[in-house]
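Next up: some structures, all given as structure tokens.
In what comes next, chain A is part of two complexes: it sits with chain B in the first one and with chain C in the second one.
Showing the complex of A and B:
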């Protein structure tokens, strides 16, 4: 129980942010109306994805140094979970875009580039499956990971800022400070991010333990 | 005189803008008659179910880990 406190914390934070996110007051803004509450659910998905991908590159580099199969398994499983959160982020973003921008997919730079960065990680998973030999697979996928991670960061955080984008925080659009100025939203938004990051990490540990069990039994 | 009239017109138009801010459509009716709570409750039930399911999966996993630890 003592070791599991952060899982309970994550569960409580997610529950709190859902209840407070639906019931607490939000600023009255045109176009967004109540859909501003999506901030509590759409954005944490991406934060959880970034944390899991960072975890993946950390263990990828570590597996290159230690040659440990377990470090390699940690790297893969965090990508496996991170990709799920990325897809959820993309889908929630599409629904929000339909009602805020008028189209599910308006070929906005942020949408395009985040889809491409997800494809990069799908390629990582496919690349791994294509190699049978264990040591080789670990080495090649770790090196691919070292290239994929900075590209993902550039695609999501740098390139959309250089172009005109409908997404907040890009191309001259005001960023989070537009919403963050409202302290009521901050009280829900930060706990939501932390909660979903913890839940994502928890699912990753479960996946890693399953795959290390199967690895042991081989 | 022209200046005063201009200021008055500006004042009136800006007051109109202030009035518009509170006219932005929100789900006030939904909240006032209390029906939103039903949605919140069902979402919470789903979340609680999924989270306890996660805990249950982990419990089973722990059992398996113990078993394979004994073997090795």
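Showing the complex of A and C:
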């Protein structure tokens, strides 16, 4: 129980943010209207994804240095879970875009770049499938992981700022920034982020335990 | 000094190998020329200057993947081991990247000349700026593809893996390159493009330093 408090916290926070996110009052903004509630569900996905991918980089570097198979398993399982969160982030964004922009996919730079950055990690997973030998797979995929990470940073954080995007928070659009995030929204948004990050990490630990048991059996 | 000497010897070796067979160089040149020709046959006249730019970069992307992919994929296992006993991994990756950069710059210039011959370049193009974009492009292609081809060759599953691994990494660079080249085509003021040139240089430096750190781990089995 003492060790698992963060799991309970994560579950409670996600439960709270889902209920409060749908029920509590939100500021009335033009165009966005009620769809502003998507902030509680869309943005936390990306936070969870970034945390999981950073975790995977950390264990990628560690497995290069320690040559431990378990570090490699940790790295790949965080990517597996991170990719799911990335896809969920894209989907929640697309549903929102259907109502705010009129199209599921309108070739907005933010949509394109986040899709490409997911491609990077699909390539990583395919690279792993291409190699049979375990030691070699651990080494080569860790190297690709580290090589690809700076590019993901450029894709997600640098390039969208250079292009005109309709995404809230970009280029003078009404964004979810200091002005609009009034205190009511903050009360839900921050717990939602923390909750989803904790849930993502929890799923990752479960997946790692399963795969390390399978590895031990072999 | 020791490292510089090794790099020099390795580049010399690459050039001699290339000169002896002349297979790769001529092959890639023919590849570029025939692709441009195929495009000419299918387009006949270029509708827009935007297409002119996009088509050139698409041709260069595929040509450079083919040109650089061979740098590690082509070497036999025995020769790899032999080189491993002789030089440090740092010297090897530096030499390969430098050689590929030279190759790519030469290749791109030839391709650009032929492309301009076949498809007439837009009227108000800023040639110097376009040349800068092209040279920066060949440098970025060389640095990224060299490291990816090293990874793909170690995974032992050549061409297909090379394409899958390199596309997501090259796309951000390609976006900036196309933007820079488009500025040049539109004949915009040069100060507008400085940001993009800076970003490309930063990306190149980042890729190069990451490859320098990672290659020694990749190389030893």
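Worth pointing out:
The rule is short, and it goes like this: the second predicted complex is superposed on the first by the 208 of 218 C-alpha atoms of A that agree within 3 Å, B and C clash if a C-alpha of one lies under 4 Å from a C-alpha of the other, contacts with A are read in each partner's own complex, and residues count from 1 in each chain.
We adopt the following convention: contacts are C-beta pairs under 8 Å (C-beta built on N, C-alpha and C of every residue); 3 or more make two chains touch, one makes a residue touch a chain.
Note that the coordinates shown come from a computational prediction; the quantities given were computed from them, not determined experimentally.
In the superposition on chain A, contact of A:126 is made with chain C only, not with chain B.
By the touch criterion stated above, A:30 is placed in contact with chain B alone, chain C being left untouched. Using the contact criterion defined above for the overlaid structures, shared-chain residue A:11 touches chain B, although it does not reach chain C.
By the touch criterion stated above, A:193 is placed in contact with neither chain B nor chain C. In the superposed pair of complexes, A:139 makes contact with chain C only, with no contact to chain B. Contacts of chain A with chain B, set against its contacts with chain C after fitting on chain A, share not one residue.
Residues 7, 11, 14-15, 18-19, 22-23, 28-30, 33-34, 199, 202-203, 206, 209-210, 213, 216-217 of chain A touch chain B in their complex.
Taken in their complex, chain A has these residues touching chain C: 64, 113, 116-117, 119-120, 123, 126-127, 130-131, 136, 139-140, 143-144, 146-148, 150-151, 154-155, 158-159, 162. The part of chain B that touches chain A in the complex is made up of residues 21-22, 24-27, 31, 36-37, 39-40, 43-44, 47-48, 51, 54-55, 57-58, 61, 64-65, 68, 72. Taken in their complex, chain C has these residues touching chain A: 147-148, 151, 154-157, 161, 164-165, 167-169, 171-172, 175-176, 179, 195, 199, 203, 206-207, 210-211, 214, 217-218, 221.
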